[in-house]
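Shared between the two complexes below is chain A, which pairs with chain B and chain C, respectively.
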Partner chain A sequence: MRAIDHHAWTNRWRRWHPAEKLLPASGLLVLTLILPPLTTAPLVLAGAVLATVRGAGVPLPTLLSVLAAPTAFLVAGIPFLAVSVDFTQGFDLRLSNDGWWLALTTMLRALAAMSCLAFLILTTPLTDWITSLRRVGVPSGVVELILLTYRLIFVFVERALTGHQAQTARLGHSRVDRSVRSLGWLAGNLFQRALAQARRLEIGLLARGYTGELRVLAPPHVLSRTRLAAGLGLVGLVGAASGLLARGFS
Partner chain B sequence: MTAPLLAARGLEYAYPGGVTALRGLDLNIERGWKLAVLGPNGSGKTTLLLHLNGACKPTRGEIRLDGQPARYDHRALNQWRRRVGLVLQEPDDQLFAATVEQDVSFGPLNLGLSEAEAAERVHEALTALRVTHLADRPTHALSFGQKKRVAIAGVLAMRPEILVLDEPTAGLDPHGVTHLLGVLQQLREAGTTLVFSTHDVDLAYGWADQVAVFHEGAVLCQGETAAVLGNRDVLHRARLRPPLLLEVTEMLGMGRDRLQPTPRSREAVLELLRERLGRPSSAAFMEPAPAHSRRGPLE
Partner chain C sequence: MHIAEGFLPPLHAAAWTAVALPFVVVSAWRVNRLMRDQPRIKLLLAASGAFAFVISALKLPSATGSCSHATGTGLGAILFGPSVMALLGTIVLLFQTLLLAHGGVTTLSANVVSMAIVGPWVAYGLLRGARWLNIPLAASVFLAAMLGDLATYTVTAGQLALAFPDPASGFMGSFVKFLGVFAPTQLPLAVIEGLLTVVIVNFLREYSGDELKILQFPLRALATEARS
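Right after this comes the complex of A and B.
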């Protein structure tokens, strides 16, 4: 979570307008879903990985670690797709050809789709997406609430981590029963501190003239037509290449 | 005599839950002062500062602005907070926006400035606190000292008439402290009245021109820095130690001479010591030039 956030804030494409990244990512996603996966998915995967690592400069290990968890779930699910169970004549369990095919294509599709999402979350800070919500008509009160929550999550994660470290330093986690008790205290304490924090944050905001609206300077995003066109071009290229390949195979 | 800019009269305050934090406190703040509110932990410094911009409403007693009792309706509070800027002790209580730049722009925009003017104020405040390189960084990925500076910049950008800071130097490294004091000195020269709380007697001694010593929710003694901090009795009752520089100069028998005021800066005392010990002054002993001797954007 913190690693994702860090790269989202520091990658080379961070200052691009979110739409410039959303367009190719969603375009590739759509291709993955509608075109034959065997030819499309590897291309999409390659495109997304190249854009993330080469383009935005996010280290490959970070990208892989983001993809690792969902991939593990996928792999765990594959046997269930590949194996078919037949109850018509007693119990018959077999590896079906269809099943293998289904498992493979599903896996490729899912992986390609995830790489598009990983590209998005690794190149654009969450706050950019949240602020974009305002443009699509979400009330600004709701947007402000989400933004504040995002900010406070980091305060509390930090408090929780240091609180846990402090408890460990005083042997609060040296045994399972102690650990359970310590965690309970930590949670209770965090809750109380959250309330106090909210009150103090209000004081801080009021001191700077808060009157019910959290207005700040908008991030300086300019929509670049060149980059939008490049994004579209990439999607077109992948689509065309996949079509050609598919024809070559058949 | 004109009324003080900001004053507290018989201020009493109890936190919900029953802790009485202030017990009949009197305090004067005159235009152009650098006032240090000095007291040990838990003596009520933060609670007082929260009263100075109307964030807390006293249970008894009153705050006076230009001699007029403060009012707590919405409009009056807004006017009040335009004049009195408050920087909280804990920067995480103050920073809320995604990036540093956005956070600092919050106050100026609330003053009703245009986006261009606000952007200019942001730049000015970030430059003053030397954090322009952080402008684009997320507020949650900063060190404590960096957060602290950004929090101060956020209030500075509103150009308040009175700037109230709760323990502004706590958590800053020595360089950071010197620099911050320089920034405050510039503000002072530009006409801002400054109030800050601290439990650091040496800091108050070297920097403030007025000191209010706190003890158990009341001001034990307020007056000129040298007079208050030279009063052993007051310091003893407030559980504070005399300033080191004062002790050194007294031990050397300096400062008794009425014609020559007691030196209050580290450099001046070191210089005197060198004279006493007959050592030539060496540049290696000197601290970097204080930031206020350089020209900054706030001048």
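Right after this comes the complex of A and C.
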């Protein structure tokens, strides 16, 4: 998690306007979802990986580790798309061609979609696009709530890790039953501290004239038309290429 | 159990958005009004949201050897009530997508339906029901958290089955298939989550009576019974 956040803040494309990254990423995502996956997905995957690694300079191992967790979900679920169960005459398991086809296309589509998501989260820090939520009509109070949550997550993760380490050092995780109890205590403790933190934050803010709105300066981003056009061009290129490939195959 | 990005066909993703949106919008509207009336609620909710995120990222010891994560839906529903959980859960799921790459943008609404709407409502309903039947608090918390977790998992299996019906036996066959696939990890996980929630609630009643009173959310009973 901290790796993702770290690269989001330090990659080469960090200072670009968020729309310049959001547009190609969502464009590719839409292409993946609507075009036939067999030809589109590999192109999208290649495009997103190249943009992340070559363009933004995020190390390949980081990208792979981000993709690893959801891939585990896929690997667990996908084979069962290929298997077909029939209860009409007892219990009948069988592999079908349609099933394999469905499993393959779903796997490809999901992988490609995940690479678009990975590109987006590895190149754009969360705060950049939380602030743009306001523009799509989310109430500013809720946006602020999201920003505050984002800030506090890192405070609590730090504490949870320290607490966990301390418990482990005292053999608190040496057996499953102890582990459950230790985790419960850790969580209870965290909750207490979370509320205490909220109260301190409130007192501190009230002392500075807090009326329910936090005003922050957003760093100015200049929208570059060239980069936006390049992003759109990439989406168009992938769309056209996969369309041509699909026609060639059929 | 998060459905991964791009796993659901576009039509299903859109349909789940239509299901989830009213709940989340109503919840956002309520929370927004609550925050305007009492600015301190905002900080409390932010702390709770961050807490829920960290809890859901805690690795649970699991009987099958593999580590799994808690959902925290039961605890959230017990502490904050289901109507607040719809928004809070959505925010937590959004962060899980953007900070951990768990779940996805296109499958966010399907995950919201299972984890931020159905799970909390089931847990909350069970807790109320169990308290009404005078079942001891620890047992009702355990039941609520465990069955809330199982409800989440059943809904996810149902969503997957709807998206990928079995060619031979249709929706039901596929539903049973997906339930079966995830049962070996999800059943022990639900029990562990139930136990964990009991430990947390006991801890809070023992040491945080005052904090529980601040919450003023659904379970006044829990706070007033607290031995602070």
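Throughout what follows, the second predicted complex is superposed on the first by the 224 of 250 C-alpha atoms of A that agree within 3 Å, B and C clash if a C-alpha of one lies under 4 Å from a C-alpha of the other, contacts with A are read in each partner's own complex, and residues count from 1 in each chain.
One rule holds for everything that comes next: contacts are C-beta pairs under 8 Å (C-beta built on N, C-alpha and C of every residue); 3 or more make two chains touch, one makes a residue touch a chain.
If you're wondering where the values come from, they're calculated on a predicted model, not measured in any experiment.
Comparing chain B with chain C, the partner in contact with more residues of chain A is C. By the touch criterion defined above, A:T127 reaches chain B but does not reach chain C. In the superposition on chain A, A:L148 contacts both chain B and chain C.
Of the two partner chains placed by superposition, chain B and chain C are both touched by A:D5. In the superposition on chain A, A:Q197 makes contact with both chain B and chain C. Of the two partner chains placed around the shared chain by superposition, chain C is the only one that A:G99 touches, whereas chain B remains out of contact. By the touch criterion defined above, A:L64 lies against neither chain B nor chain C after alignment on the C-alpha atoms of chain A.
Once the two complexes are laid over each other on the shared chain, residue contacts for A:L223 go to neither chain B nor chain C. Of the two partner chains placed by superposition, chain B and chain C are both touched by A:T211.
Chain A residues in contact with chain B (one complex) as well as with chain C (other complex) are 5, 148, 150-151, 155, 197, 201, 205, 210-211. By the touch rule above, chain B contacts chain A in their complex via residues 50, 53, 55, 77-78, 81-82, 85-86, 88, 90, 92-99, 101-103, 105-107, 109-111, 115, 118-119, 122, 137-141, 154-155, 158. Contacts from chain A toward chain B in the complex involve residues 5-6, 9, 125, 127, 147-148, 150-151, 154-155, 197, 200-201, 203-211, 214-219.
Touching chain C in their complex are the following residues of chain A: 1, 4-5, 29, 32-34, 66-67, 69-70, 73-74, 76-77, 80-81, 83-88, 92, 94, 96, 98-99, 102, 106, 109-114, 116-118, 121, 126, 138-139, 141-142, 144-146, 148-153, 155-157, 160, 173, 176, 179-181, 183-192, 194-199, 201-202, 205, 210-212. Touching chain A in their complex are the following residues of chain C: 2-7, 9-10, 13, 28-29, 31-32, 35-36, 39-40, 42-51, 53-55, 57-58, 60-61, 63, 75, 87, 91, 94-95, 97-102, 104-106, 160, 164, 166-169, 172-174, 176-178, 181-182, 192, 195-200, 202-204, 207-208, 211, 214.
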